[in-house]
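Shared between the two complexes below is chain A, which pairs with chain B and chain C, respectively.
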Partner chain A sequence: MPRKLIIDGKEIEAEDNLTLLQACEQAGAEIPRFCYHERLSVAGNCRMCLVEWVGAPKPQASCSLQVKDIFPNKDGTPARINTDSPVVRKAREGVMEFLLINHPLDCPICDQGGECDLQDQAMGYGRAAFHRFHENKRAVEDKYMGPLIKTQMTRCIQCTRCVRFATEIAGVPDLGATGRGEDMEITTYLEKAFSSELSGNVVDLCPVGALTSKPYSYTSRPWELKHTESIDIMDAQGCNIRVDTRGRAVMRILPRLNDDINEEWLHDKGRHIWDGLGRQRLDRPYVRKNGKLVPASWSDAFAVIAARVKATTPDRMAAIVGDLAAAEEIKALKDLMTRLGVPHLDCRQDGAKIGGGPRPAYLFNTTITGVEAADALLLIGCNPRWEAPVLNARIRKAWLNGPLKIASVGAPVDLTYPAEQLGTGVDVLNALADGSHPFAEVLRNAKRPMLILGGGALARPDGAVILHHAARIARETGIIGPAGTPAEGGWIGFNVLHTAASRVAALDLGFLPAPASEESPGGRDVAGIVEGAQKGEINFIYLLGADELPLENMGRPFVVYQGSHGDTGANYADVILPGAAFTEKDGLYANFEGRVQEAQRAVFPPGEAREDWAILRALSDVLGQKLPYDTLADLRRALVADLPQYGRLGQVPVWEGADPAVWNALGTDGVFTADVPMGQAIADYYLTNPIARASKVMADCSRELLHSDENKQAAE
Partner chain B sequence: MTARRLHEEQPAGFAFSEENMARVNQWIAKFPPGRQRSAVISALWIGQEQEGWVTKPMIEEVAKLLDMPYIRVLEVATFYTMFHLKPVGRHHVQVCTTTPCWLRGSDDVVKACKKHISDKPHSVSADGEFSWEEVECLGACVNAPMVLINSDPYEDLTGEKTEEILEAIRRGETPKPGSQIGRHASEPEGGPTTLTERALYDPTLRHSGPSLSDDEAKNVTPGVEQREAPTQKPPGAAT
Partner chain C sequence: MASVWTYMKMVFGWWNHATYGTLLYTARKGVPVGTDSFGNRYYQTADGKRRWVLYNGTVEGSRVPAEWHLWMHHTVDTPPAADMTKKSWEQDFLPNLSGTEGAYHPKGSLVRGGVRAPATGDYESWSPNA
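Here is the complex of A and B:
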């Protein structure tokens, strides 16, 4: 029930479930705060948000006072709240004075300087040339919190935002506040690292310079940086990011607010791979001569490729799209290969048995916000904590706030919320589909049940069979519901969780083996290409940033590697064409929901490296198959003509209802490879792609957070 | 007060004795199912009774027992100064130095402790029998100054009296707890001086004035009936 309040003389109606701070913001007043954060629980311990409630004996902490607790005046007039009266100013100045007693005056050497809440608010509420504390400031030992978080605990003002984030959002209760009063210290349990994939967010949350980014420390000042809005491609969620650059270097990556995707969080891989953007870069073309890669000019490299293409029949050629490619270059490569008549195309480096058919068959249809409406969840071969950590935080949020029941088929891992473990055997899917398993009952009784198929389930030899059974479970248990958004009463709970940022765009564009027909036996998938190369049936492979392949077992085909980093693919390449990383080109990426977003160029590619679509366009000319677009805008127009959704940026496809023919035909019916347990899609969260593998920070994380036990054993 | 840290030297392990385990379980049973972590202070307290101080293995054992992250138990153990994070003597002396005791001479008591136990608080005497610390009000200001030795209070102390008590304990005696100058509870020295009339305690005699009228008795504070009681929130909704 809304209540009337008079805030700074302005009468407003505020919903009674709001806090007074939120009501004041609705009235246009700005309330300073340190401990309050709208996505965390209310602590009410910094006292910076004090406001005056006329008639109350003392100033009130607006963050912890609810509108429903504010009663009207005796004569029935609405309560009057002042947010900028002399009482308020004096109270906040007092709070600031207390905070500054123990806060060091080291702003000139503090990384938070220039974007520090305390600094900013001290400008408003600090008392210049007025101090009455001559005692020593308190000093606090710095703590170890892992390879990503640098601590300067003397600066801590004990707002406990980091502790609440760790406990509530990340679900990894590693942080805590020991001691009390002046001796209160934020710490992990006895110098343990903060082992969350979302740990970097505490750096953003810290209102002072107590927790700062370790890799970014002492590198630049916020006012020196140019900000570019971009999209994270370290997983397929498409978290919105801001790339901060100075000159030609990416200095850091921060999340942007987008409630539909990442709220305001970003996972550690997306946040900290920026040092990988400058390492191991391919900055000029190379051609292999006498077994050695030697630098070459673009025209030489193209000439070598052209000679080879001329000497090879199309059915002995193949092209594979890697995990980080943008939609434009996938389209350019597809168009080029189609013109050359190459049937062996694939984008599924991990061998996932997915693709073909309509979009809902390979998308995360529920949408990220839709997860919050679900009340039962079945994870199949899926570890969202590694495959999409920010999505995992959303699942945890849904579990915290609602009656969400979760079960998992696959390796038992700590997901930060309890999940019933149904074992690693694939046979349990049969029981779930025919309803004999208890959890099938849970799914049936749920109003909005959902399932998530992860890479651990699809990237198996029997992935198609698992897909078939997942679709069967979906049909049997009401996971596939009526058309529309959850708000309109529609529901679709069938989800595929991709881990490669390029995957959905590549599937949309049909970068898949050519279907079999009467004239030809059809194209080979990745496994087929690898096998063909071994047997010498495939002589030419074009890799567009594809590095997660067993190239060492592939015999000696002619390999063209186009990409940004010198990783596995470049090692086995005969010609290297240096491409641009995602921060160096304008590119469209479709996330696992099918939402298309644009990553903008923040810096230029290094050396002679070029934007990938332009490389393919230039190569097509040399091969005599000139692609019909001269600019990125032309290319995008062609893309939108084929796929209209690529013209609607940021929008998520609306569920249009089930077509029984599609869902009945999904996957293939067959027998499970029952003796192979359901594994994980990702072996090491920190090292999943060429950029991450080039990053020293990610290597440190992998060593210290995932393999610390092994290191200890090795040392002993 | 300085930052409270766990002691450098920690024992290898910890287990509640059978009897103490039963007491901890009793405490756990006092809270609703799923709220067993509310027993954390009691569990640590019982553990401290058993070991004399709170050890790292004890913190971890309690955390496992109550299904809490280690850090949550560490927070509790470092928050409350009643938990000793270092070994203490067999007789731990807590000296009250809050204003009333200080005015009545707690400085002398502290001096006696320094002389007979050790120069610094929180350190065990050479014979391992004693340790002492300064604490805030122990709630016997009328009989100031006072000390609490393990669970026995000794009141109305002077420096010499304290030394005598410590000596006696060292000899293995148990000095009589309570006032050391013969007062009964907190009565004045030499016995009561007011309210001494026997008749006051005669149950047959009644209050003689007019009794309160109903209206007067029910005269509540204005405005009370208009206030709303806040609705109860579930505890620990986030964790």
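Here is the complex of A and C:
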């Protein structure tokens, strides 16, 4: 029930489930705060948000006072709240004075300087030239929080945002406080690293410079940086990011607010791979001569490719799209290969048995916000904590706030919320589909059940069978519901969790083996291409940033590698065409929901590297199959003509209802390879792609956070 | 004996040698004051109101050493002593070297080999042989 309040003389109606601080913000008043954060529980310990409730004996902490607790005056007039009266100002100045007793005057050398809440609010509420404390300031020993978080604990004002984030959002209760009053200290206990994939967010949350980014420390000042809005491509969630650059270097990556995707969080890989953007870069074309790669000009490299293409027939050529490619270059490569008549195309480096069907069959249809409406969740071969950490935080949020029951088929991992382990055997899917398993009952009784198919399930040799059974479970248990959004009463709980940022766009564009027909036996998938290369049936392979392939088993086909980093692909290539990393080109990426977003160019590619679509366009001319677009705008127009959803940026496809024929035909009915346990899609969260593997920070994280036990054993 | 070309340069140019006008004026009114370490000769009028220099070589303002510069600009009235000694920390006077081989090039300039300290925006390129 809304209540009337008079805030700063303005009468408003505030919902009674709000806090007074939120009501004041609705009235347009800005309330300073340190401990309060919209997405964390209310702590009420910094006292900076004090407001005056006329008639109350003392100022009130607005963050923890609820609107429903504010009663009207005796004469029935609404309660009067002042947010900028002399009383309030004096109270806040007093709070600020207390905070600054023990806060060091580090601002000139502090990394938070220029974007510090305490600094900003001290400008408003600090008492200039007034200091009555002559004792020494408290000094606190710095804590070790892992390779990403640098601590300067003397600066800490004990707002406990980091502790609440770790416990509530990250679900890893590694942080806590010891001591009371002035002796209170935030610590990880026992000098342990903060072992969360979301740990970098505490740096953003920290209102002072107590927790700062270790890789970024002392490298730049916030006012020197140019901000470019972009999309994270380290996983397929498409977290919104801001790329901060100085000159031509990416200095740091921060999350952007997007409630539909990442709220305001970003996972550690997306946040800290920027040092990988400056290492192992391909900055000039190379051509292999007498077994050695030597630098070449663009025209020489193209000439070598053209000669090779001329000497080969299309059915002996293949093209594979990597995990980080944008939709534009996938389309350009697909168009070029189609013109050349190449049937062997694939985008599924991991060998996932997905795609080719209608769009909902390979999307995360529930949508990320839709997860919060679900009440039962079945994970199949999926470890969302590594495959999409920010989505995992959303699942945890749904579990915290609602009656979400979770079960997992696959390797037992700590997901930060309890999940019933249904084992690693694939046979359990049969039991779930025919209803004999107890969790099938949970799914059937749930109003909004969902399942998530991960790479661990789909990338198996029997992935198509698992897909078929997942679709069967979905049909049997009401996971596939009526059309529309959850708000409209519609529901679709069938989800595929991709790990590659390029995957959905490549599937949308049909970068898949050509279907078999009467004239041709059809195209080969990645496994077929590798096998064909071994046998010498494929002797030309075009890799668009594809580095996760077992190239060492391939024999010696002619390999063209186009990409930004020197990784597996470049080492085996015969021609290297240097491309741009995601911060260096304008590109469209479709996340696993099918939401298309644009990553904007922040800096230019290094050396002679070029934007990837332009390389393919130039190459097409040399090959005599000129692609019909000369500018990125032309290319996007062609892309939108094929796929209208690529013209609607940021929008998620609305569930249009089930076509039974489609869902019945999903995957292939067959027998499981039951003796193989369900594995994980990702072996090492920190090292999943060429950029991450080039990053020193990611290598440190992998060593310290994932393999610390092995290191200790080796040391002993 | 100088060639005709030298005389032509003295008539039409002022940057290789003092012009005829200056030489004539110096012969008529010039009272020699001294000579600096470069061999430039300094003159003034009898009343000391005008002071000038005949360069030994290229006519270039920066070739007047600091001590003579003071006198030339009427900052001091006594010309520097011929036996003036230098402090141990004083460097030899250098005229402006721009445009010559001795010109200053900052660190990292290609003329100095192009080697500079690492800076923002540098990247490590991949090399196939590493």
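Some observations on this one:
Methods note: the second predicted complex is superposed on the first by the 716 of 716 C-alpha atoms of A that agree within 3 Å, B and C clash if a C-alpha of one lies under 4 Å from a C-alpha of the other, contacts with A are read in each partner's own complex, and residues count from 1 in each chain.
Throughout what follows, a residue touches a chain if its C-beta (ideal position, glycine included) is under 8 Å from a C-beta of that chain, and two chains touch if they have at least 3 such contacts.
What you see is a predicted model; the values in this text were computed from it and never measured.
Applying the stated clash criterion after superposition on chain A shows that chain B and chain C can sit side by side. Of the two partner chains, chain C is the only one that A:Leu282 touches; chain B does not reach it.
In the superposition on chain A, contact of A:Val140 is made with chain B only, not with chain C. When both complexes are overlaid on chain A, the residue A:Gly566 reaches chain C alone and has no touch with chain B.
When both complexes are overlaid on chain A, the residue A:Asp621 reaches neither chain B nor chain C. Of the two partner chains placed by the overlay, neither chain B nor chain C lies in contact with A:Asp434.
Of the two partner chains, chain B is the only one touched by A:Glu168; chain C is not.
After overlaying the two complexes on the shared chain, residue contacts for A:Glu420 are found with neither chain B nor chain C. Applying the stated contact rule after C-alpha superposition, one finds that A:Pro606 touches chain C and leaves chain B untouched.
Across the overlaid pair of complexes, the angle with its corner at the CA centre of chain A and arms to chain B and chain C is 100°, in steps of 10.
Of all Cα pairs linking chain B with chain C in the superposition, the shortest spans 40 Å. In the superposition on chain A, no residue of chain A contacts both chain B and chain C.
By the touch criterion given at the top, residues 220, 246-249, 251, 277-284, 286, 292-293, 565-566, 570-571, 606-607 of chain A touch chain C in their complex. Chain A meets chain B in the complex at residues 41, 68-69, 71, 140-141, 164, 167-168, 173-183, 185, 187-190, 400. Chain C contributes residues 120-129 to its touches with chain A in the complex. Residue ranges of chain B in contact with chain A, taken from their complex: 1-4, 6, 56, 69-72, 74-75, 78-79, 226-228, 230, 237-239.
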